């Protein structure tokens, strides 16, 4: 272990601000990337589902017209 | 040459294939990342010159390498997509661009955060950092171009063309930036060269590079499936998938 | 001879038409009709090779148009919604431009051609000062000096008056009788002899067969 | 084959001369941008002469960027771009004619008045020649690379900002080598090496860019 104690580890030999800032921002950007990808996937599924509803309504309207 | 695979089957088949591969990439990424980061942050010895601030290297160098790796995958996919008219390859270009952009941003930010303790300035016009910055602009250009088209097939092709134009220009840009940097070397800024790495520092670095690479693979596959779903919404297999998901 | 083999067209994730087969022999005029937004212009864009189909191919003289783009364009005259006439140039200059840009008889007297399309007296006025109908006539003037066998016209009769429509119709019929091919879309009724008149009615892809 | 090239160039020049504003705008923009710098940074000749090459080149770059919108947009709107793509002559050949016409209309005037602006910025006399030489070689590369971006964005409604985002990274090497050449000339050193590099880039752009422009047009027009 290169550090004597956990608080020493946090201090990072006096550079704690820069090291943790760099790691924090990197983690943040990876998280935004992942969440954006997952959200687009959900959005596409919702879009297709909506389209299915729309077409079901059109078909129902056509059927009602035919058997009037 | 890939025309023999009927266009309908290819999309559905590759969606399933990507689905099978993704867990494997994840299995490779997580352990190597955890071991690498703990080892690098806590156990690797401090650098005799820079002290513990050098630990930023464990994010900076892998991110910079993956930024280039992502662009090369895009360049290959763009070439295959345009020359053999393979629509799936163009989707890969669109899928990889944002990931490459995020890696470049990480490399840039960690580079700046690392530069501050070493040279006292948040932004140093060092040759490598400047080329990273320009690479980020190129990525942003490709992403913006892709999103500007409403028809995703055209968007993919336009992005592929821009990627290929970029792949020819990036080496020239890097070469000119390096030359420009050496000529404008105002203050004697220590060159941003690689500190000679002791083995205990090197191994966690290699693990981090490996974990970043497998994570790149995982994210490309994930976003590639999104592109497939987005483009093939009108196809029967996507509709069945959505219906199965609604019932499931 | 123009031919399409199971052409499928997808625009922005919407299937416009699917498995379209089509053969137009020399001497025929194909009239494509259909409600707005059914994909008439997209079909013409596919026929001219400006855009590529989701699947299926277009053949000219039994060869894929994508394989022989330059030779195909030697025989093709295309008139789109936009007339392709530069507003700053005069009718004469526009016609000279067309003559050089496309394979056409260069020994023809342009003033005579402009007379035929009813632009006598307007030859040297910048097209910007002409009406939309007159600008369209400059584009139509190309038909009088072109050597292209295949004419693809996207709603050629828009903004034309009765007399211009009449002369355009006769020009089309003359071209077809000389062994040329015409493919056009229009909402107007056409009085074309039965011998070389063919109709294609494009319908909106019904809901079921929406999924390819 | 060749007279079609001249025909396209002649037609473009004719069309442009019919309404002057399109030609003069980039020049006025170039002059105004260059005069902003002394107003902004003060009139100390040594400072101005040091930044002169960079300022003139960045102004030329922005003026070129401003004028690119006109390259394909008018033809796209009136339909002649579509017609050009359907002509039996190779599209890459016609497109290079259009880029040449555009270069003659916008960058050549900038090249002609750049010595005047160099005087504004009190650039050393012996750097004038280098400045005009780099502009002569550099601006065609800008036009060719910019034409690729314009071809990609011609079909889009809000293409302007996107065009600059696409084109500026590509024009960085040209900016760097030209300013270095002019600086070397200003301090009396030999600047031939940079000029030769620019010439190499120009040859590369002339041979490769038209095909990229043609491919990009095929994408955005379909």
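Going in written order, the chains are labelled A, B, C and D, and every chain counts its residues from 1.
In this text, a residue touches a chain if its C-beta (ideal position, glycine included) is under 8 Å from a C-beta of that chain, and two chains touch if they have at least 3 such contacts.
Treat the numbers as computed from the prediction; the structure is a model and nothing was measured.
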{"item": "Busiest interface, counted in C-beta pairs", "value": "A-B"}
{"item": "Maximum centroid distance from chain D, chain identifier (CA atoms)", "value": "A"}
{"item": "Chain centre separation (chain C, chain D; CA means) in Å", "value": "37"}
{"item": "Whole-Å gap separating chain B and chain C, where each centre is the average of the chain's CA atoms", "value": "46"}
{"item": "Distance from chain D to chain B - Cα centre to Cα centre, in angstrom", "value": "32"}
{"item": "Sequence positions of chain C contacting 2 or more other chains", "value": "210"}
{"item": "Residues of chain A touching at least two other chains", "value": "none"}
{"item": "For chain D, residues that touch 2 or more chains besides their own", "value": "222"}
{"item": "Residue ranges of chain A in contact with chain B within the complex", "value": "1-3, 9, 12-15, 18-19, 21-23, 25-26, 29-30, 32-34, 36-37, 40-41, 44-45, 47-49, 51-52"}
{"item": "Chain C - residues contacting chain B, complex", "value": "10-15, 54-55, 210-212"}
{"item": "Touching residues (chain side chain B, partner chain D) in the complex", "value": "82, 134, 137-138, 140-141, 144-145, 148-149, 154, 157-158, 161-162, 164-166, 168-169, 172-173, 175-177, 179-180, 183"}
{"item": "Footprint of chain A on chain B - complex, ascending", "value": "41-46, 51-53, 55-56, 59-60, 63, 98-99, 102, 105-106, 109-110, 113-114, 116-117, 215, 219, 222-223, 225-226, 229-230, 233, 238-239, 242-243, 245-246"}
{"item": "Interface residues, chain C side, partner chain D - complex", "value": "45, 48, 50-52, 70-71, 73-74, 76, 78, 80-89, 93, 96-98, 100-103, 126"}
